[in-house]
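Naming follows writing order (A, B, C and D), and every chain is counted from residue 1.
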Amino acid sequence: MRKAGLRWVVAGVPALIAVGCATFPDPATTRQIAEKMVSEDFTAPTPALLKRLEQDRSQRICSRIGDAKLTQEEAAEVVRLARASIQYPASGKLVGDWKAGNTLAHDGAGDRLQGGRLEKRKENGGLCQNCHALAPGEINVGNVGPSLTGYGLQRGNSEAIAKLTYERIYNAWAYFPCSNMPRLGATRHLTPEQIAHLVAFLIDPASPVNKR
Amino acid sequence: MNSARRSLFKLTGGFFAIAAAGAAGMLRPVRAWTAPWNKAGFESKALGDALKSLGAASATESRDIVITAPDIAENGAVVPIAVTSRIPGTQQISIVAEKNPFPLAATFDIAGGGEGYVSTRIKMSQTSDVWAVVKADGKYFTARKEVKITVGGCG
Amino acid sequence: MAESMKIRATLQGDVADVRILMLHPMETGQRKDAKGEIVPLHFIQSVVVTLNGKTVLETQWSQAVSRNPFLGLRIKGAKAGDKIGVTWVDNKGDKRTDEAVVAPAS
Amino acid sequence: MPVARSGNVVLAVVCVATWGTAPAQSDDPLAVGRKMLAEDNPGELWIEQGKTLFHQKRGPKNASLEQCNFGLGPGKLDGATAQLPRYFPDTDRVQDLESRLVTCMVQLQGFNRDDIVKRAISPAGSNGSDVEALALYITSRSNGMKMNVSLSHQKEYDMYKAGEYLFYRRSGQTDFACVQCHGEANKRIRLQDLVHMTDKKGMQEVVSTWPAYRGGHFVVRTMQWRLYDCFWQMRLPELKYASDASIALITYLHYQGNGVVIKVPGFKR
């Protein structure tokens, strides 16, 4: 690791000389510099909201620079933490109301911070439409995630599928460690009841997602 | 920019207080010009009335009118529309967004030297047919094209 | 406050391709400002375009024309150096005139 | 690690089973509109304003910005943006265009930094801020020139690496870092194309088109706004205007974009 002292000397003298000894900092130094920025360069109305920037263990493991791959051990730990995080609705019902789920899936708002204020919302939107194709023929849908059109048609609506679907939404990393899919339940973006509505939206034969 | 996003919905959603505003005397016909501002047309709420106000109630469809516009507009607040009329003697082009609460958006009177071409940008509240109404040698012709409207952004 | 109008006129054969950008809120009478108050209806009702002082296009607009409006047109029989004049008037009676010269084909 | 492996298999199946129904990327139904809007860009209306603001004597010190040094010498604007961010000995900081602009408005014109920063990103319905117009004018003086950010000073190397680190740093309730949305080609949030920023061409597309006219906002927005807005959308705390974190990300972006010809204002839906 480069001596901090040297850097400050370098900083003072003309770049010409700096060229000679300046170089990319090592990962530890980079992390130290960048984390200092994270702690100083963002604002939020409350300390609790500022904590959103703090990474949990899984987020640290999943923040991989470039195409650095997960080791088997790391992936196993992410999966273990994810499985442990999953909670089910108090009612025990994993399949809610597909109509409520439909609304949720098309709602991309909630919980954003602007002008020193937290976006006021009774509950957060599900964000699904931003990244997934949903009902057949819908235009205004994203493609960051795989299409969910016909999700139930392909898988049916058995209890096993309902449970799998619930868990994938609650914490996708239990199945796809470090995937781009937010851990919507584990991070408390959605409540277990909201997720049950989304499960219904995906597997209920009456849901627009499963219209042919 | 939350409010900016909201204003986008407002713009594309309801920007049509014109009838009320007109009653409130906020609209002044522009007398400076030869043609008076078509108050009746701009305040009509239905395609048929808008066409009537232009005198185009019995217009015929024409393949010599080309509407250049996106199949899907990313932003209903800024929908680019260009109209080219190859009909000889084209003297007026109007742009009408059928499903807008007040369909008639703009009328262009073309005088000596002006070609049968205009291009502008309009607000559209929802997916709708856009009509081009062309007046040539006193006769009226129309063409239409559907423009799908989606509200952009993740919010 | 940005420039209130930008006119580009370029010759293509004997046709002048004219492109006009205007700074105007084109308020719909529906938008609420930061304080939640309705911004009154305010939009350009008419634009007149002239070639060497002779009217070639006269528009009537509603508030459905987008904010910071664009107007494109083509004028037959124009020559490099010809004067293009653009005047708009809005529903409050505000008026603005700008001029540009037709540039030779680039 | 059997669970995750079987999980990955499931994912593969999902993709194979469903990619077919994803909207085609070819013959983009949005293309016509984008072209028409970009051809006549209202953003151009702000260039003159920025020029006027640059030469006007303003602020408590009643001075213009003509002595402002963006790295090529006082008042030298041609190509200035193309070599930013860079290290400035007088502030002993790496600065991007906007943070340097703020420095000059404070030092030369005597404006209060907090006031400028508070107004830098203009509110909805306004005709834009001074900083937005100035940033556009100054960047327009690099139009036609190639992005050419160099890393020579140690703090420039540090900023680049910190920016890269932040680009991949996941946090918050969406578990997002920049790369979650900008790491692959032909991706969209709803209908909005996401620039592929782990690809040089994609990165160049970004850094050569800001400041840009934002169709939905009817004003010119800057790169500082672009980054702020991403963090807003990620549900993360608000990125401080002209902060080191923002400059680190911009250093990373611009250096990757080196070689691209600058063309502003861009037009963004």
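Just so we're on the same page, a contact is a pair of C-beta atoms (placed from the backbone, for glycine too) under 8 Å apart; a residue touches a chain by one contact, two chains touch by 3 or more.
Values in this document were obtained by computation on a predicted structure and should not be read as measured data.
Here the chain at the heart of the shown protein, by mean C-alpha position, is D.
The geometric centre of chain A is 43 Å away from that of chain B, both derived from CA atoms.
Remark: chain A and chain C have CA centroids separated by 47 Å (rounded to whole angstrom). Rounded to whole angstrom, the centroid-to-centroid distance between chain B and chain C, based on C-alpha atoms, equals 16 Å. Separating the CA-averaged centres of chain C and chain D is a span of 30 Å. Each of residues 108, 112, 114, 127, 130, 139-140 in chain A touches at least two other chains. Residues of chain B found to touch two or more other chains are 1, 3, 6-7, 72, 77-80, 82, 119, 121, 148, 150, 154-155.
In chain D, the residues that reach two or more other chains under the touch definition are 123-125, 189-191, 232-233. If each chain is drawn as a node and touching chains are joined, the picture fits none of the line, ring, star or complete shapes. The touching residues of chain B, counted against chain A in their complex, run 1-2, 72, 148, 150-151, 154-155.
Across the interface of their complex, chain D is touched by residues 7, 10-12, 14-15, 18-19, 21-25, 29-31, 33-34, 37-38, 40-44, 49-50, 52-55, 59, 62-66, 72, 75-76, 78-79, 83, 108, 111-114, 116, 127, 129-131, 133, 136, 139-144, 146-150, 154, 174-177, 179-180, 182-183, 187-189 of chain A.
Taken together, the chain B residues at the contact with chain D in this complex read 1, 3-8, 68-75, 77-80, 82, 119, 121, 148, 150, 152-155. Of all residues in chain D, only 39-42, 44-49, 123-125, 127-128, 133, 218 touch chain C in the complex they form.
Every residue of chain C that touches chain B in the complex is listed here, in rising order: 15, 28-32, 34, 40-41, 45-46, 48, 51, 54-67, 69-78, 89, 91, 93.
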